[in-house]
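What follows is chain A paired twice: with chain B in the first complex and chain C in the second.
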Partner chain A sequence: MRQYLLASHGSLSEGLLDSVEMILGKNHKISTISAYKKGDYDLNEQLKSVISNIDKDDELIIISDIFGGSVNNECMKLLADDRVHLISGMNLSLVIELFTLDNDKISTSDLIKKALKDSKESILYCNNIINEEIEDEEF
Partner chain B sequence: MRQYLLASHGSLSEGLLDSVEMILGKNHKISTISAYKKGDYDLNEQLKSVISNIDKDDELIIISDIFGGSVNNECMKLLADDRVHLISGMNLSLVIELFTLDNDKISTSDLIKKALKDSKESILYCNNIINEEIEDEEF
Partner chain C sequence: MIKLLRVDHRLLHGQVAFSWTQYLGVDSILIANDDVPNNELRKTTIKLAKPQGVKLVIKNIEDSIKAIKSGVTDKYKLFVVVESVNDAKRLISQCSEIKKVNLGGIKSKEGTRNISKAINLLPEEEKLIKDMLDEGVEVEIRQVPGDKKINASSIIKI
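Moving on to the complex of A and B:
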């Protein structure tokens, strides 16, 4: 089974989970880490605790807030564990795609690649779409 | 001057602002809409209220949660107003890039295109990066 973890600086993870659940309903396979909200916070300890709760045959897909940020950097250290997969750049489309496409027949690698592609394609400058539609109508 | 609005289903917008401010500090040019948290919620009314507070020479860059979602669809209706720009697919990298690149010399269109490109490039399957590095070391 695949478990999911949203990991971010501050409350982004909790906010994203709220929005995902508003659209898809409650999901018990997903947890969140909102890092550095307190001065003495230890991200490494919290990640270790999440990993220790993953069964040996399960996988953990971590979705972090930003590539190159300290949350993602800390998560990178977990990749020696074959059960861990890490995606940087969380957004709503990415998580919805992962949950919608997730099933026993798709490999984790294919699931992630497909969700990443769809997620990137849905980041759009919408003014350009409107302008293209107007041009299409004109010609 | 450019104003910014994060608009989402549920709390994603507030969570993202919390994370942005943790990294970049407080920003008074940005506001949030967390839609549909109450049953009798009227998104159109709230958007109108935001627009009414934009000076005639200012611009508003709206960053919505997901293309095709009802929040983005409602924002699309505002694009008849030349001061309004709309991006779908909010993530942390996108907002940080917008704020970091924003200055008087760059056009709004160029600002958005550059931030979009950087944002898409930072959505990554990090396991592949590690594997590529190992391959580079081997050959």
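Moving on to the complex of A and C:
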């Protein structure tokens, strides 16, 4: 089974999960890490505890907030474990694409590639597309 | 085949595009509404929100009824979305194929009663729903497929 972890500086992860659940309903496969909210916070420890709860045959897809940030940098260290997949650049359409495309038949790497491609296409300057002519469809 | 008719004042948006379309396994969405076909901004916005791999047809209520009755929609697994209880009733009274109605979002306005999260009904709308139930149509309240299904029959007071 695939588990998901949203990891961010501060509360972005929790907020994003709240939005995902509003659109897709509750999902028990997602957990969140909202890092550095307390002075004595140890991200490494929290990541270790998440990993220790992943079964031997399970996979963990981590979605971090920003490439180059310390949260993503810490998560990179987990990639020696081949159950772990890491995506940077968390956003709502990416997470929704992942969940709607996820099924038993698609491999994890194909799932991630497809979700990345589709969600990148939905980052748009809407002023430029509102005047687009889209043909009407018929039955 | 009509899998479901949803009443949602937002018409096609995230919950509909991502959750319901996938959950129902439909290959076609019909937006039945008298304003959208003539409102370019609304129409374009809806077209842009279309989920991939699904046909999206936009028609006014009368043309929607004609299309359904003509049989051209029979080969599709169709999901119909309307914005009001009144529009739902207009379709249902002409198209006996519609057996299931989902109430997904109806805005509050003056005189409405909040009957469930996101569902606000005028007394006359409650009456229309009562009529649908009496005609044997299953009416349920649910925002997203994973929510608990509430049968309208347990809530409608009329």
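Note that in this section the second predicted complex is superposed on the first by the 130 of 139 C-alpha atoms of A that agree within 3 Å, B and C clash if a C-alpha of one lies under 4 Å from a C-alpha of the other, contacts with A are read in each partner's own complex, and residues count from 1 in each chain.
Quick note on the criterion: contacts are C-beta pairs under 8 Å (C-beta built on N, C-alpha and C of every residue); 3 or more make two chains touch, one makes a residue touch a chain.
Just so you know, these numbers come straight off a predicted model, no measurement behind them.
By the touch criterion defined above, A:D118 reaches chain C but does not reach chain B. In the superposition on chain A, A:L12 contacts chain B only, with no contact to chain C. By the touch criterion stated above, A:I23 is placed in contact with chain B and with chain C alike.
Applying the stated contact rule after C-alpha superposition, one finds that A:I96 touches each of chain B and chain C. For chain A, the partner touching the most residues, choosing from chain B and chain C, is B. By the document's definition of touching, of the two partners only chain C reaches A:E137; chain B does not. Judged by the touch definition given at the top, the superposed model places A:N127 against chain B, while chain C stays out of reach.
In the superposed model, A:M76 makes contact with chain B only, not with chain C. Judged by the document's definition of touching, chain A residues 22-23, 96, 130 lie at the interface with chain B and also at the interface with chain C.
Chain C contributes residues 14-15, 18-19, 22, 28, 41, 44-45, 47-48, 52, 55-58, 67, 72-73, 76, 144-147 to its touches with chain A in the complex. In the complex of the two chains, the chain A residues touching chain C come out as 22-27, 96, 100, 118, 129-132, 134, 136-139.
Here chain B touches chain A in the complex through residues 8-16, 18-19, 21-23, 36, 65-69, 72, 75-76, 79, 85-94, 96, 109, 112-113, 116, 119-120, 122-127, 130, going by the rule given at the top.
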